[in-house]
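Order of writing sets the labels: A, B, C and D. Residues in every chain begin at 1.
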Amino acid sequence: MDLYEYQGKELFRQVGIPVSDGRLALTSKEARAAAEELGGEVVVKAQVLTGGRGKAGGVKLAATPDEAEAYAQDILGLDIKGHVVKRLWIELASDIAKEYYLSLTFDRGVKKPLFMFTTQGGVEIEQVAAESPDALVRLHVDPLEGFQPWQARRLVYGAGVTDPSEQKQIAKIVGQLYDAFVRFDAMLCEINPLIVTPDGLVKALDSKFTVDDNALHRHPAIAEMRDAEAADPLEALAREKHVTYVKLDGDVGVCGNGAGLTMSTVDLVTFAGGRPANFCDLGGGGSAQGVVDALSVVTSDPQVKAIFFNIFGGITRCDEVARGILQALVEMGLDLPIVVRLDGTNAEEGRRILAEAAPANLHVSPTMLEAAKLAVELAA
Amino acid sequence: MAIIVDDDTRLVVQGLTGSEGRFHGLRNRSYGTNLVAGVTPGKGGQDVEGVPIYHTVADAVSEQGANTAMVFVPAAFAADAVYEAVDAGVGTVICVTEGVPAHDMLRIHTYLHGRGVTLIGPNCPGVLSPGKANVGIMPAEIFTAGNIGLISRSGTLTYQIGHELSQMGLGNSTIVGIGGDPIVGSSFIDVLAKFQADPETEYVVMVGEIGGDEEEKAAAFIEAEVTKPVVAYIAGFTAPPGKTMGHAGAIISGSSGTAEGKKAALEAKGIRVARTPTETAEIVAEIARR
Amino acid sequence: MDLYEYQGKELFRQVGIPVSDGRLALTSKEARAAAEELGGEVVVKAQVLTGGRGKAGGVKLAATPDEAEAYAQDILGLDIKGHVVKRLWIELASDIAKEYYLSLTFDRGVKKPLFMFTTQGGVEIEQVAAESPDALVRLHVDPLEGFQPWQARRLVYGAGVTDPSEQKQIAKIVGQLYDAFVRFDAMLCEINPLIVTPDGLVKALDSKFTVDDNALHRHPAIAEMRDAEAADPLEALAREKHVTYVKLDGDVGVCGNGAGLTMSTVDLVTFAGGRPANFCDLGGGGSAQGVVDALSVVTSDPQVKAIFFNIFGGITRCDEVARGILQALVEMGLDLPIVVRLDGTNAEEGRRILAEAAPANLHVSPTMLEAAKLAVELAA
Amino acid sequence: MAIIVDDDTRLVVQGLTGSEGRFHGLRNRSYGTNLVAGVTPGKGGQDVEGVPIYHTVADAVSEQGANTAMVFVPAAFAADAVYEAVDAGVGTVICVTEGVPAHDMLRIHTYLHGRGVTLIGPNCPGVLSPGKANVGIMPAEIFTAGNIGLISRSGTLTYQIGHELSQMGLGNSTIVGIGGDPIVGSSFIDVLAKFQADPETEYVVMVGEIGGDEEEKAAAFIEAEVTKPVVAYIAGFTAPPGKTMGHAGAIISGSSGTAEGKKAALEAKGIRVARTPTETAEIVAEIARR
């Protein structure tokens, strides 16, 4: 789960990482009030779960509450890479002398947390890694040894920070970031930029914070931070119905059971010359109601022209799935063409059930490959 | 021989009294797996269809000689269950539970290093050695016994491929579902090494998917260490970056973890990569009949 | 550093382990006030850093504030195994249905923390270990894996606790005890007895808590708990002067440099038929002032009849030590016989300095063995 | 050969710019030890009498090929320094610092398990291989080169015994002060194994003291694994229980850790135990001249 800048900064604050004082605003009036309360120059920052908001005009410096209100008006509703701005973070403006970069990520390859630090902050870290790899200090932490102060020194000296006060402040923040990473089950904690003000104070000017979805039960306060509105409406609907769904750009709806088989099914549609509309995994259960829920999500996408329903029964029983499909056709009055392929546990019984009902828009196909081709044809 | 589970397996199921644990544990027993005990704290002394229940894994080990544990407890308690099994001296732990926090696995993975314990999963369908033992949730009737080792990050996709192999008259020595999480106990490499050492295995099928770099590492390992023919399949060629495709571990981060990248890495080491499950089985058949 | 019961219970309270409400009292008036404030029956408990206070009459049940005051009067000033009672803990009385035992110690042999738990509490654990070893469940914790809930279950089920509510409460306390052990750098945390009340509540009725002296810098609040008065006055003086000193029962004062050499010197005195009065380690420095400080501590013991001063110079220079001895003789007007043995760095120069000054009560001996014999003779 | 430190030692001193670190580091260099670097965070780029100072041990390793670290930092920072040295790839760490919290050592000891790193100390006088290298605070001039390995929990007591051996014309291959804390990086057993494997060592003197059970364990190890003659000395026969005798580890707990108990355990395995330092040297001389 990705957090907004202001949410990540709240977690930073909880572990002691210095951040600027700020207020959340949902309207331009609230933005004005926040600016008045904070006093002085403020920055009006679009809260979106994507990068590049600066270039998109989502960050503005406001000298007065009037200006803050005006900028808020401009930024609210802005579409930044498909994300519509609905929240603003109004923050006291900081003077910036230097911009550094500090992050802690979950390196699944090495299976250890990975610190990255560079004095070349404020830009995309991939760019630094590509253009001046020597400027980027990378250091893994053994999860059982845990964070040790030498690790912070290695980052700070390795990156060539020379000012002793900066060294000390950053080393402390490095430890605090590790603390946040572990305490909040983070998959990513990034501070870009980590700034030094003209009077030598180091603080986090931005935050990028991702928490492990599987650990949210340990963090009810963070779980509540989820912004249901920010998600794609179809994905939000899927979450509500406990269906694993990812929106794609095509017109062939894809339903499968199990993540691997469903990914493979999506691939097959592409290889057959079609364009998949989604990835939709029924999961392991495959009850009739689960089938209805999945189909209702898939067909909520107006782009969908045909559906490929691919089941390999293991624990999931194909007869149960067949009944679910028929139930969905009736309940939803579904008239889109559906290609069904059933195999594995009780596949014959499932195919028999479908053959008996034989709705006009339902096509049963014996193999994945043939089913994929047919679904692509039907969507065309 | 087969690998990981076989006739010598003495299985304890952690969570045998739960509905899922009971269903699959007894299914495994029906298949012929030697299910010797269940563990549910507070239910020690009870039994599940004749299988004795203990409060702790240590008791199941000392009373019933359990050497393999299957974890079927809820995600929030899974790490504790794995530690308990490992510290009780169980040599093989198969964690079916889905949704184990990644930080828990980070610590467990480091803790297990060098202890000689095999952890499969979490979020995996288990391990099946046809004709010998089934530990997990795989539908054993799909698979037939044979000489092809099968390793996969996915459940149903594995069944699909096992089914296609069966239809071609090919069978498996052992099917290992290593799990779909970002950090799992045994990687492709760990299992490939076991298949390489297993006299009953003559060919290996490796079923990967997007996310991480375990397939890439496996490619290098195969070139260096595996003399048996390996055929690979990768799912997720059309997955968009930044989206979790069902499995917590199936996510392309930036430009890393793509199916194309994995395919290229494997092919660079001379490993054939199929485009579909069907083609996977066809390639294996072609090699096996040569 | 050993903590008093009430101090250990305060740490228990900080990690959530249930303890009874209580008040510290230094006088019988305070004991009465505490009993009034607490209301109901209270227990008046002598606070001493030794066991066996119950048998010594240091624990009394008081039904009223009057009784509490009277018992406090009796107990204050009581000598329990050489410890004079100066503090009382007035605690709400608990009804006891069962007495269990739970401890977590630092097992230096195995190099891991060791839990011990038995339902046969209330007696000395050594007795349980000797008489019914099967009733005592022992379990080590890997310090990097840390405490895991299964460990608590293993203890609780292993010891045969059958009541589900007790199982749950004790399992929780086991985890909290580990928390206290790590958080406060403990060498020992013992709850004996861990009681179950007739209505099924589990709580810590006593506490034994030892904190690592080397870690006190991390725990200033615990360091402040030290009761300077409770220590042997000579050991308190030694602490003040930064001299490592242990009081023994004999009449030959022993000073050496380095713990091993000093222990060896104490042994030699015994082997020579004498009785060492103390163990006193100058430490590695061995400055003239250090020598004066050590001698002033050793000679503060009125039992001392002669002193054996044994130095093997390494970093410590024997000439510096010789000067310190002469300085001490003058400053302190010391006329007890002193046998000095100097060897190692600058030993000749040291011996020359002593030979030149040649005070009447100072004897220089060439070897440890001869020096020991002479010191024993001189003390006789 | 000698053990732990020798002509191949490339020493980095953590805390070389402090007064103690500087004094002993330069003393070690004067003896002939190859002191290649010092580490003091914030003082990288400076030097101490020509010895380059780095901010981190990793820099000392990459720039100067340091393979041995001596820790001379205050107790509160010692654990961090040990981890830093180990994680920088240094193979031998000698921690002189006294007063390291026991819990820090508990974690470090567990962390080092199976990593192939030798940690000596904390709270130790260091390691001296006469004629080759001296790393620590031992007064090298007391000792002469020879064929007797010496292991001790104590500093000055070791000097006393080394001195007595020297006076009898006997010398040492290596003198190892393992330290006086309850948990030290290398136990008697660890060092005995090294002496057993060292061709230059023909006899071993083991100097123990009250507290813990490392002498008892060593007795069993000697019987099973050590073919070279071992002579033991134990200090603290007259120590009272429950009192820390100078060293944090020198404490009799209840009835365990007594000198009598250790003497009995050693003698039960046929190991001669001397009553005084002088007798220790005499027994060695007797055996060596046989």
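The rule is short, and it goes like this: contacts are C-beta pairs under 8 Å (C-beta built on N, C-alpha and C of every residue); 3 or more make two chains touch, one makes a residue touch a chain.
Bear in mind that the values here come from a model prediction, so they are computed numbers and not experimental data.
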Farthest-lying chain, centroid of Cα atoms versus that of chain D: A
Higher-contact pair (C-beta pairs counted), B-C versus C-D: C-D
Chain centre separation (chain B, chain D; CA means) in Å: 47
Between chain D and chain A, distance of the C-alpha-averaged centres to the nearest whole Å: 54
Mean-CA-position distance for chain D and chain C (Å): 28
Interface hub residues of chain B, defined as touching at least two other chains: 107, 111
Interface hub residues of chain A, defined as touching at least two other chains: 142, 144-145
Chain B contact footprint on chain A (complex, rising order): 106, 108-109, 111-113, 126, 142-144, 182, 185, 187, 212-215, 217-218, 244, 246, 248, 256-264, 266-271, 276, 279, 281, 284, 312-316, 343-345, 367-369
Chain B residues touching chain A - in the complex, by the definition given at the top: 75-76, 99-104, 106-107, 109-111, 125, 137-139, 141-142, 152-160, 163, 180, 182-183, 207, 209-214, 217, 235-240, 243-250, 254, 259, 275-278
Chain B - residues contacting chain C, complex: 41-42, 44, 55-59, 77, 79-81, 83-84, 87, 107, 111
Partner chain D, residues of chain A touching it in the complex: 142, 144-145, 148-150, 153-154, 157-158, 164, 167
